[in-house]
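Each of the next two complexes has chain A plus one other chain: chain B in the first, chain C in the second.
Here is the complex of A and B:
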């Protein structure tokens, strides 16, 4: 009987975190911040709901399958978050107003490539000029 | 008690998924839609697992596992198409 109350606590906590993730998805101003809400709240809410189900079911085979799903979600969600961030940054998705980058890697690489192209063009021009 | 709570939880998860469709419909870029679909996928997996407990038929757990894997491969293909312009 007491285990049902513990499971109910985990269910309510998991639903709270899933709802907070959806509120963050609706109200945050940017792709990157929305992705932050998705990654953290989704993993934590799914983990708490799965833990409550493990307490309720209490069978070795099914608990093993639930642990497998939990490990799968906890592995997949950071991979997806990382890939979405990388894709958004490489595509140049605009950030919210007032945010800035400290070390803009893509822009510095582009600048370096352009400088190298200019140097090659100047050298070739000199050779053809002589 | 726990059956009532789980039924209410299923209704709440369905409402949350319907609310996050707003972002999937009118998001400014493609990646907003990808994020919203990811949240809906997690909610659907939770609904499948809760029904597996409510109906006492635990084969639905395998269905949820396959659903997680399929959603992962789908999101991966969409992101690779956006980054490189082709999938294979």
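Here is the complex of A and C:
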């Protein structure tokens, strides 16, 4: 009896997140932000619905199949999200207005070089007595 | 095909046991007939796909218990992050003013092993406010939902866990 209520909680949560994904797909401005909504909400939404089904069925073979489906959804969904975003980026799809761009690559390269130089300086500093 | 299995017996055994456990869970009965049929087909699959055995460059399996424990801890944190990510997306999407400030970050990624790189990229996609756009050698391009998430990504706690996990392979 109580297990049905728990399963109902998972069903309603899953449907809510799936609905949020679709609303985000309609409302957000460009490709990348839309992929945010789809890629995340579909994973947890489908996962919660499948977990509710597992609680209701309670049979080893079917639970194994549902776990397999859940793992496949959780691995395929981010990969397809990444592929769509990558294709859009390589084709030069513009971002929404007011987007920022942070380039941390060069800065982190410099940080690493400075850290290495400091390590070398500390090792040499012991010899020169600084 | 057989030479690879002989060189990496532990990896082949691991794959075989995994397939056998899956077969037992699917069939849900432990007759001797089920067991024999399952063992025959699992060994055929293991021989056919012997290039999929878990091995490093020098054809030796290196897989320790500590790594499994670290992975379990990692996935436990990842589930919490996924739930948080969905709640933040729901809060942003259902807000009538739509408070987003999207943008790209170009970062550096120091992970070497391909399996751990895949884990890292997938968990960036599933975590709050970020999706990966490109990963080449050590260049990582990430699209962020708001500017706060972009700055949080540079000191991301799960990245440190993955670096710890990779350190076991090198030693």
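Please note the rule applied: the second predicted complex is superposed on the first by the 102 of 130 C-alpha atoms of A that agree within 3 Å, B and C clash if a C-alpha of one lies under 4 Å from a C-alpha of the other, contacts with A are read in each partner's own complex, and residues count from 1 in each chain.
Everything below uses one rule, namely that a contact is a pair of C-beta atoms (placed from the backbone, for glycine too) under 8 Å apart; a residue touches a chain by one contact, two chains touch by 3 or more.
Computed from a predicted structure; not experimentally measured.
Q: Putting chain B and chain C onto chain A via the overlay, clash or fit?
A: Taken together on chain A, chain C would fit alongside chain B, as the superposition shows.
Q: Answer with first, second, both or neither: which of chain B and chain C does A:99 touch in the superposed model?
A: Touch status of A:99: second partner only.
Q: Would you sort A:118 into first (chain B), second (chain C), both or neither based on which partner it touches?
A: In the superposition, A:118 contacts neither chain B nor chain C.
Q: For A:35, using the defined touch cut-off, is the partner it touches chain B, chain C, both, or neither? Pick first, second, both or neither.
A: both
Q: Of all C-alpha distances between chain B and chain C after superposition, which is the least, in Å?
A: Between chain B and chain C, the shortest C-alpha distance works out to 12 Å.
Q: Once the two structures are fitted together, what part of chain A is touched by chain B and by chain C alike?
A: Common interface on chain A, chain B vs chain C: 35, 45, 61, 65, 79, 86.
Q: In their complex, what parts of chain B are in touch with chain A?
A: These residues of chain B touch chain A: 1-2, 5-6, 9, 12-13, 16, 19-20, 22-23, 29, 31-32, 34-36, 38-39, 42-43, 45-46, 49-50, 53, 58, 61-62, 64-65, 68-69, 72, 75-76, 79, 82-83.
Q: Which residues of chain A touch chain B once you look at their complex with the stated criterion?
A: Against chain B, the touching part of chain A is residues 4, 7-8, 11-12, 14-15, 18-19, 21-22, 25-26, 31, 34-35, 38, 42, 45-46, 49-50, 53, 56-57, 59, 61-62, 65-66, 68-69, 72-73, 76, 79-80, 83-84, 86-88, 90-91, 93.
Q: Considering only the defined contacts, which chain C positions touch chain A in the complex?
A: 22, 25-28, 82-83, 85-86, 89-90, 93-94, 98, 100-108, 121-122, 125-126, 129, 131-134, 139, 141, 143, 145, 147, 150, 154
Q: What residues of chain A sit close enough to touch chain C in their complex?
A: Of all residues in chain A, those touching chain C are 16-17, 20, 23-24, 27-30, 32-33, 35-37, 39-41, 43-45, 60-61, 64-65, 74-75, 78-79, 81-82, 85-86, 89, 95-96, 98-105, 108-109.
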